[in-house]
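What follows is a pair of complexes built around chain A, which joins chain B in one and chain C in the other.
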Partner chain A sequence: MNPIAADLKSADMDTPRKPKVRIATTSLAGCFGCHMSFLDIDERLVALLELVEFDRSPLTDIKVCGPCEIGIIEGGVCNAENVHVLRTFREQCTTLVAIGACAINGGLPAQRNHLPLATLLQEVYTTRPGLAHGGIPNDPELPLPLHKVHPLHEVVKVDYFIPGCPPSAEVIWTFLSDLLAGRAPASDRRTIHFD
Partner chain B sequence: MSDSCFSLDGASIAFAAGQTILQAAMDAGHYIPHLCFHPELKPHGSCKVCSVRVDGNMMASCTTPARQGMKVESATTEVDDQRRAVVQMLFVEGNHFCPSCEQSGRCKLQATAYELQMTSPHFDHFFPDRAVDASHPDFLLDFNRCILCSLCVRASRDVDQKAVFGLAGRGIGTRLIVNSESGRLGDSDFAATDKAAQVCPVGAILRKRQGFNVPIGQRTYDVAPIRESDRGGPEKR
Partner chain C sequence: MSQNLETAANPGPLRRIAIDPLSRVEGHGKVTILVDEANRIHQVRLHIVEFRGFERFIVGRPYWEVPVMVQRLCGICPVSHHLAASKALDVVVGARRLTRSAQMLRRLMHYGQILQSHALHFFYLASPDLLFGFDSEVSRRNIVGVATAHSDTARRGILLRKFGQEVIRITAGKRVHGTGSIPGGVNKAVTAAERDLLLQNIYEIIAWSRDAVALVKRLHNQHPALYNSFGAFRSKILSLVGRDGNMDLYDGVLRARDENGAILFDGVEPDQYLDIIEEQVKPWSYMKFPYLRALGADKGWYRVGPLSRVQNCDSIPTPLAEIERREFMDYSGAMPLHAPLAYHWARMIEMLHAAETIKDLLHDPAILGGDLVVQGARTSSGIGVIEAPRGTLIHHYGVDENDLVTMCNLIVSTTHNNQVMNEAVREVARRYLDGREINEGLLNHIEVVIRAFDPCLSCATHALGKMPLVVELRTLEGDLIDSRARD
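What follows is the complex of A and B.
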């Protein structure tokens, strides 16, 4: 076992869980920045993979979330498909985690919330100069945008929140280490950042 | 120094006649979370973040006079839970998007949320539609971030003798207004040297052309928590 995995399994983690803890992750109305920050745990990802396996996630390209112990979601809820995915995560995941500013308060996508949706679509697809004037997309496969962008907790119950834009790899690592060790993740005032 | 004392979380706090609980606590170097209080301005008692339990009753410590022998509880889980709920309500009532706010890292609302270990706004967001007033040459007035603490109102009225700002309306309809014919800051006599330009605890009154002069991560409350800088004490006076 590599030293980082040994460290992770120390203390209250003497016995590794079998089967591995299943984790699903996704980005709704997000920028994947939180996923990038998660990948910034670097070689600790190898240690993590000794304890967990990924279900639906950009890392696996699995499209549908199956039963999982942990679901991690970045991004807010901006369209009907986001609502569907979020509800599926809530049904399938024992513990649901909102990661990053957008999942927690809507973030950057929610900057549209004070503008009427019709005005926005008109501006983006028809009236703005330099467009091909193809009209507002109306393909039935496209999910319909919601009137407003919402944070996750306004749609489903969320168990834990990791604020930050994005939260640092250290914060994500500490959170996962706590959760996998069966400890309640501590919200240390020194590590909470909203920016 | 007076001989009068009260108990704050078991510590004996001396106070002078006329002092409030918060003033006496800060003079003694104790931190009680607060947002609408400023040591140089008359207390307003509106934000309730400084609420403490006084002999069993919840009171705003910034407006409650200190009394001999009173028992004040501040740093308890129950009081902090109530304070956190108040701060969460302030977050959802306005549009507080820290990653895109120039005040991030210097913002007392944000720093107080950190202090109270707030990781989510908990409540449903209002996402109110509020204007930005960029009419003043040196200052931006962003109503999205105003928490109605009235510090600018008091500073402008009582220190600057200008009364540039006011609070209009009542209850949930309360809003900050500017005392000029057009209602715009650029048409008022607001100036960079005003006390009112220095006291905004959030990013509602922002000096222009200062953006990112200090990188995120190196700002006031990134370096030290608000309980260090806002706890008062003789060395701060």
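What follows is the complex of A and C.
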């Protein structure tokens, strides 16, 4: 029996139930692929929902992260808003988890780091084929892009790192099972991939 | 109240309301609304706040890296980018015609993608609004609420998505960001054991997809006035159709219709896209605004995705989905159905079509082996167009004699819908928010109409109020590692 199901069973027998563990998730400069891989736990999601509840997440309509036991962040830091959200997560979450290549080392979006930002914006918004009215978007509503894409741990303290692009659902499931059961997370090395 | 609501005449004294971030959509964006003291609405904008620069940093990379690099644009429809890039690079490596096995394997991968993405969108993201009501309580308006109140619906949604993801894993190597497609073909066939695994479930998947169409029809028929009018406005439509005019989501020619359903153009080869589509930039969004070149920016904007495709094709080449298409067309009558909420109906018809197509492909022995890759005379540029879950996806590359990319232009599905999504939120704002005390439930109406388009906005984030004019990024030790000031 998997650890979460085991917990579930004991939760059913023991009354009153343990309060649910509150989890927040977000994607900064990522592609949502890590969130997809999390959803790839498939029907185990239903069992997980017996133990956890979601705060801010792309799955809920909660817009600002409140106090949580666990915060999970995919994507690196590419603009001023990312910095703000990351710091809010760090303040609100007891345990902060960087998930996936982008959160850990900037990932593919960090490929832009060797190019000057002005050149990038110039080329994408003024010199593409089929572009009639070019111009670099600069409205105050748009968050300022940073010169470079940064990994999370350059900005805040990160408690756990789960590598992979994305990490497999098995790795994510094992990690959460361990964490929820109060064990030190330990994945089988054979399941850890960096691609 | 100004007529088109894009730009307020005098924004100074107006109050700003933001929906930030948009939730239960793929990716991040925000909506800002400017209202006066009487809560009359003067401006509504859907902003895409991300900038990543893929089109530029792909330049200088070896072309064979591109199909695996560009799929990192999106973790929800990575297969679409993987295949659109592969199709463009087929041209570059001179693979004018792929082997039958390669074509069928790519199609299998693609229809697996359509199935999983449509299931994800409907069951995990959009269904809470439709099942519980647009202004139902926030704590319940999510997949957890659906799993509690409609456990069988949620379970089937999870298993439909799982099946699509398994099709992708088996054809591409892994569920998210696989490597199965390469310039000139594919690098992997399906084994008989893998095929049999999928065949075990496919008939149940088809049955559940039919039930999903029935569920959306039932929702539509319970509140026809709402579903037919919510956020509705007339627009042109664009999609690929097969060379025979039937629905084909992997390959075909471009066809567009006007607001009344009359053909604007048909049979346009995808590599002529620059002749028919032009883009403009607006300073308040990182997403460009495309339009039909012949009609200009003011009149040429158009809609893509399931609602366009189901009404643009002559028929759907699988029997159960074709029955549903005919019922949809009978319902809409002589005029096209423009209502955004009808996207859900069309999307579920496409999910059924994807399930039926997967069944047919699983019975095709070509997927089990044979020649997988072809090459021919090298060329210096290639254009690949595919119908991604959210609409027409265009990839265009130039490659030099050293195999390095010299140019990359992408028009992703959601970009085509930029103007229509802005029109839709303005329509909803006019009808439901104007002059009223705005609360969370009313603001969710704006998000409901955006969700109908199933936008894929990717990355970016959250902020309340204007961002500071200067941002400094320091390490935990206090060292300055990045800073930017707004010019």
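The criterion applied here is as follows: the second predicted complex is superposed on the first by the 175 of 195 C-alpha atoms of A that agree within 3 Å, B and C clash if a C-alpha of one lies under 4 Å from a C-alpha of the other, contacts with A are read in each partner's own complex, and residues count from 1 in each chain.
Keep this in mind: contacts are C-beta pairs under 8 Å (C-beta built on N, C-alpha and C of every residue); 3 or more make two chains touch, one makes a residue touch a chain.
Just so it is clear, the structure is predicted and the values come from calculations on it, not from any experiment.
Trainee: Just from the overlay, do chain B and chain C fit on chain A, or is there a clash?
Mentor: fit
Trainee: After the superposition on A, what does A:G107 contact: first (chain B), second (chain C), both or neither?
Mentor: Both chain B and chain C are touched by A:G107.
Trainee: Would you sort A:K148 into first (chain B), second (chain C), both or neither based on which partner it touches?
Mentor: After superposing on A, A:K148 lies in contact with both chain B and chain C.
Trainee: Check whether A:C165 is in contact with chain B, with chain C, with both or with neither, and answer first, second, both or neither.
Mentor: In the superposed model, A:C165 contacts both chain B and chain C.
Trainee: Check the contacts made with chain A and report whether chain B or chain C touches more of its residues.
Mentor: C
Trainee: If we overlay the two complexes on their shared chain A, which of chain B and chain C does A:A98 touch? Say first, second, both or neither.
Mentor: In the superposed model, A:A98 contacts chain B only, not chain C.
Trainee: A:G71 in the overlay: touching chain B, chain C, both, or neither? Say first, second, both or neither.
Mentor: Once the two structures are laid over each other on A, A:G71 reaches no partner at all.
Trainee: On the A-aligned overlay, A:R190 touches which partner chain: chain B = first, chain C = second, or both, or neither?
Mentor: Touch status of A:R190: first partner only.
Trainee: Angle at chain A between chain B and chain C: what is it in degrees to the nearest 10, using CA centres?
Mentor: Nearest-10 rounding gives 110 degrees.
Trainee: Nearest CA pair across chain B and chain C in the overlay: distance in Å?
Mentor: Superposition on chain A places chain B and chain C at a least C-alpha distance of 6 Å.
Trainee: Would you mind listing the overlap between the chain B footprint and the chain C footprint on chain A?
Mentor: On chain A, the residues that contact chain B in one structure and chain C in the other are 107-108, 111, 148, 150, 154, 165, 195.
Trainee: Taking the touch rule as given, give the residues of chain A at its contact with chain C in the complex, in rising order.
Mentor: It comes out as residues 26-37, 39-40, 42-43, 45-46, 49, 53-54, 58-64, 75, 77-85, 107-109, 111-112, 115, 117, 119-121, 123-125, 128-148, 150, 154-157, 165-166, 168-169, 195.
Trainee: In the complex formed with chain A, which residues of chain C make contact?
Mentor: By the definition above, chain C touches chain A via 19-21, 23-28, 30, 32, 45, 47, 49-53, 55-57, 69, 72-76, 78, 120, 124-125, 138, 141-144, 147, 151, 154-155, 158-159, 161-162, 165, 174-177, 273-274, 277-286, 288, 297, 396, 407, 409, 444, 447, 458-464, 466-468, 471, 473, 475-476, 481-487.
Trainee: For chain A, which residues count as touching chain B in their complex?
Mentor: Answer in residue numbers: 98, 101, 104-108, 110-111, 113-114, 148, 150-151, 153-154, 158, 160-163, 165, 187-190, 192-195.
Trainee: Using the touch definition from the top, list the residues of chain B that touch chain A in their complex.
Mentor: Listed in rising order, the residues of chain B that touch chain A are 91, 95-101, 104-105, 110, 113-122, 124-125, 127-130, 216, 222, 225.
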